[in-house]
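Some notes on the structure that comes next.
Labels A, B, C, D, E and F are assigned to the chains in the order they are written; within every chain, residues are numbered from 1.
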């Protein structure tokens, strides 16, 4: 399945595999949300219905940012029934997210919500924006592992192709990457006085991947992988 | 929205976005308070009402320091109704800050105070000086995340443009930067026997940012970003 | 016993010793599962019955991946009685794996399951895919040690030759390698802009091992050890 | 206010500000006590009454050391009413310091003692020798912060100019520096086979500070800042 | 007392001192068991009775490995009454080693077992294979220290010369080395693409030790210290 | 007071100050016990009575080692009443040292024992061999600090000159050095393939100390500071 990120599919020998869960890891501002949004936006252009679930930022906010940064009109695509943008904090979903809720309960309910929404909407592409804070709240690594397995299992069995973004602030990225079908790392490295965005695919099950770190560019046209390498 | 920091707006393609929360991170003495105070002072010069909330230092202290360092007369501006300087320890506010108060309660009440003050004063620019100590006191990262989301959400929905300074002593900067719309880092780096102030914008949602580290200068005229890079 | 990994047996003076437990350690995507699967697949080609126990991924998933990546038809081999692929989450096994089960209980029951299956199936080669998450859940290192000793003892006394893969995300690899008869490390190292897979045998009791780090290749033909070294 | 340390006032554009709290941080033996004692001794020579509070070493000990090292006769100055040297372990003060006292209680009582003594003696210069061990004993950073704010507030409102020395052994220096008006760092760096004392001013609110690391000398004449830099 | 390791006695000016406890520390596969087994085997060749206590691996396993690796027939030596190989898990010893036993109790009983066995068998050389896992299970360093003192005291007072191997996986090596009469470190260092075994004697009370790191070789003839140094 | 270590007194401008507590810190085998024993032995040669307190090794053991290593006959000196060697585990002292005793109690009783012994024997030089394990067992740094203050205060007020050795394995050295009058560091540094012993005086209150790291030699004549520096 074409990622829609120019240069990326060549790195992994053809794009993401259908029915897989793929992580995009990076610290704040490395381009995770742009990468995954473009994956969704590109899919819609191919006639593949998209779904975005934002556990930590309001959907309204994402609509505005993608419009102003890249001219992607998510609101219009929602109205056309080509995209469903789900804000878990929406009271209709009754998925309480507050300081009083138990993170394990939240994650179990979150999994159920994802399952129901996938059945209702039957999207081809799914993007779940950074839910590491919730996993971080689960103390036992053993439980994190089980909850990840359950969520990823639910997603895989629906046949949708999914991107999950992961912040590095919470130190749980390893647990999620561990259970994923592919793991991509976004970085920003200091070369002299300059900070260069970089991308590197750590693994993709079933694919031969490029053994190299590449430069990642963000411009008004969106995100793309350059054939350049970040190191001089 | 012009930052009022010479050289900064060029780094981020035009300044801060209106209605956003922006973090300024750095260790003690890197210039965070000067940077954000100048943002407020500049706004007032543009006819934009300012508000400063100081959770950890007395307002009186800030008035004196800004006057003596840069000749910015915050007291006069307050009298003219152009600035409101709020000291959370003011007994009138009844926002108890003591070793007996529960940090979560404090943060919830702090959010309510901010909300009320924004409604009453309707400032265009807001500066909240370093509240990391309070977040640090919250043990579960999950709760820090929720409390940050709530506070930042409250601020955004008021339409004010906000700068939040963050000390690095408490290790919580990542959690706050995570939920912010832009994240700027101030540093002091040793080049030989000299310590150079530096600035670097880690992210700004919706803007193309300069991929470089610049020198930051503080003089009697205030703070400014040089076009020089700190490394030889 | 021939490993079936071209180039590996020469590194360790002849292959794995029969009736031993051997660990393959590496971070996500370094090739652990491919290495151990090829060991099983090669054995079957030699007429040695194989067994694969997957505590953390569904057997179905492994069947598909090995078929699509390397054309190894595990499903057909199972039907021919040459391979048994055991998914511990299979309800028939009643080996509950959930967030409510006590990890010590799970590991004790897991050992019993392995023991029973080895008696029933009498395989010559065994591959247990990454059970570090379970060990990680055991708090006292002392207990991890005892549980490892018990499991490895059970396996050794059956006479089967076993490969155990170990993820590094959970920090327990040292405990398992400690009790194993050989320990092999898979890595991915950055040489300039390139990431090279590497292999290194840390110990093999009773064998003279090559004191060198070698390049590891994965292609459509499977995994193999090159005579090249990863460093220029 | 002149520090009395030759070369220091030039580094910070004129000395310490009156009515401020200033930290001197460094590991054991870097010269903190000598630096702050000279600040007091110099003040007395200028007709400014001094006060020294030693929470962790007996006053008698300090009298002997300053006499033998630099010929400063603190005992005589006390008799002349120019200096008051307060040993918190003095039974008269009833400020119990033992392994049974709660550190928070100790710090609250310590603040009260400081307040009372400042009122009684009305010194112009105050030196509090290393109370980090007490802060270290307070577990919640949030409480350390509050207690620091309270103590520093008490001192500032008395108008005295205060130096607080901070050992690095206890890891709490950041919390205290954070709330201080200036922060100076003393170090000992290995250059080849030699260990050179160095000084560096991290921040001084309201002053332009030298952006450089300087050599610090201790001799029979006391401590002084050289114009040399420690690095070749 | 000659160690029996070619090249080692020259490093320490003559070998181990009689009636001492000596640690051999190293990570998994560095050659600790081979080193200490050769010490025992060599002693037997000199007419000195040997004893090996294996708390963590079955004696049977050690017999097989030493035979196949180096042709040392431990089984025959036991039959001849020249060696006693004690497996603490032997039910006859009633030294329960399970996940339910308290590590402190285990270590106290272990000390008693060692004492009794030394009285019964009166060996000249003793080798205790890696009991760090047990010490690791004791939480208070203070208790580890006491238990080590007790065990080492028991051994010394019997007059036997003892080697204790220590794995580094458990982080307790420092505590054991601390109380030992000599401490030797085995390592494997990467020089380019090659991994070289090395040996270094950290301390030997009462002996002048070589201040150098040497290469350690393992071959069919056993282990020996080369006069080469591992670094080019 | 002459240390008796050739080359050391020149480093610190004359030796140790009378009536002070001085720490000698270093990892296992760096020469701490030899350094402090020579200090005692030298004092006896000058007619100054010595006392050695060994909390962690039997006195008998020290007698043998010093005799065999350097020909210092501590047993004879004890018989002549010139040295008293106190083993705290001596049942006569009733200073129980076992895994059941509370470390705080032990340290309080230890202080009393030291006080009593100093009064009874009136030595001029005291050497306390490594009691870090006991301090390590005290959890609150605050209490460690108090207990150190008490012990060091007791020693100082007796007028004896004391050396306390401190192992680095327990991480408490900073707390003890902190309260001491001088702090000396012994090291072993790897220069190429060679390990060189080194010495460095971190602080000595009231003395100008050499700002350099020197080579330390141990030979049959005891320990001495070379004028060489360890680095090439």
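In the analysis below, contacts are C-beta pairs under 8 Å (C-beta built on N, C-alpha and C of every residue); 3 or more make two chains touch, one makes a residue touch a chain.
Remember, it's a predicted structure, so these values are computed and weren't measured experimentally.
Trainee: Which contact partners do subunit B and subunit C have in common?
Mentor: Joint contacts, listed by label: A.
Trainee: Over half shared numbers or under half: where do the identical copies subunit A and subunit C land at their interface, same or different?
Mentor: different
Trainee: When the Cα trace of subunit B is superposed on that of subunit D, what is the rotation angle, expressed as a multiple of 5 degrees?
Mentor: Angle of rotation between the two copies: 60 degrees.
Trainee: Could you give the separation in Å between the centres of subunit D and subunit E, each centre being the mean of its C-alpha atoms?
Mentor: It comes to 52 Å between the two C-alpha centres.
Trainee: Can you check how far apart subunit B and subunit E are, centre to centre, with Cα atoms defining each centre and the answer in Å?
Mentor: Using C-alpha averages as centres, the distance is 60 Å.
Trainee: Centroid of subunit C to centroid of subunit E, CA atoms only: how many Å?
Mentor: Comparing mean C-alpha positions, subunit E is 30 Å from subunit C.
Trainee: Touching two or more other chains, which residues of subunit E qualify?
Mentor: Counting only residues that touch two or more other chains, subunit E contributes none.
Trainee: With touching defined as stated, please give the ring order of all chains, subunit C first and subunit E second.
Mentor: C, E, F, D, B, A
Trainee: Subunit B touches which residues of subunit D in the complex?
Mentor: Subunit D residues touching subunit B: 104, 140-143, 145-147, 149, 153, 156, 174-175, 177-179, 183, 200, 202-208, 211-213, 229-231.
Trainee: Please give the residue numbers of subunit E that touch subunit C in the complex, ascending.
Mentor: So the residues of subunit E touching subunit C come out as 28-29, 56-58, 61, 65, 68-69, 97-99, 103, 133-134, 136-137, 167, 169-170, 188, 190, 192-197, 218-220.
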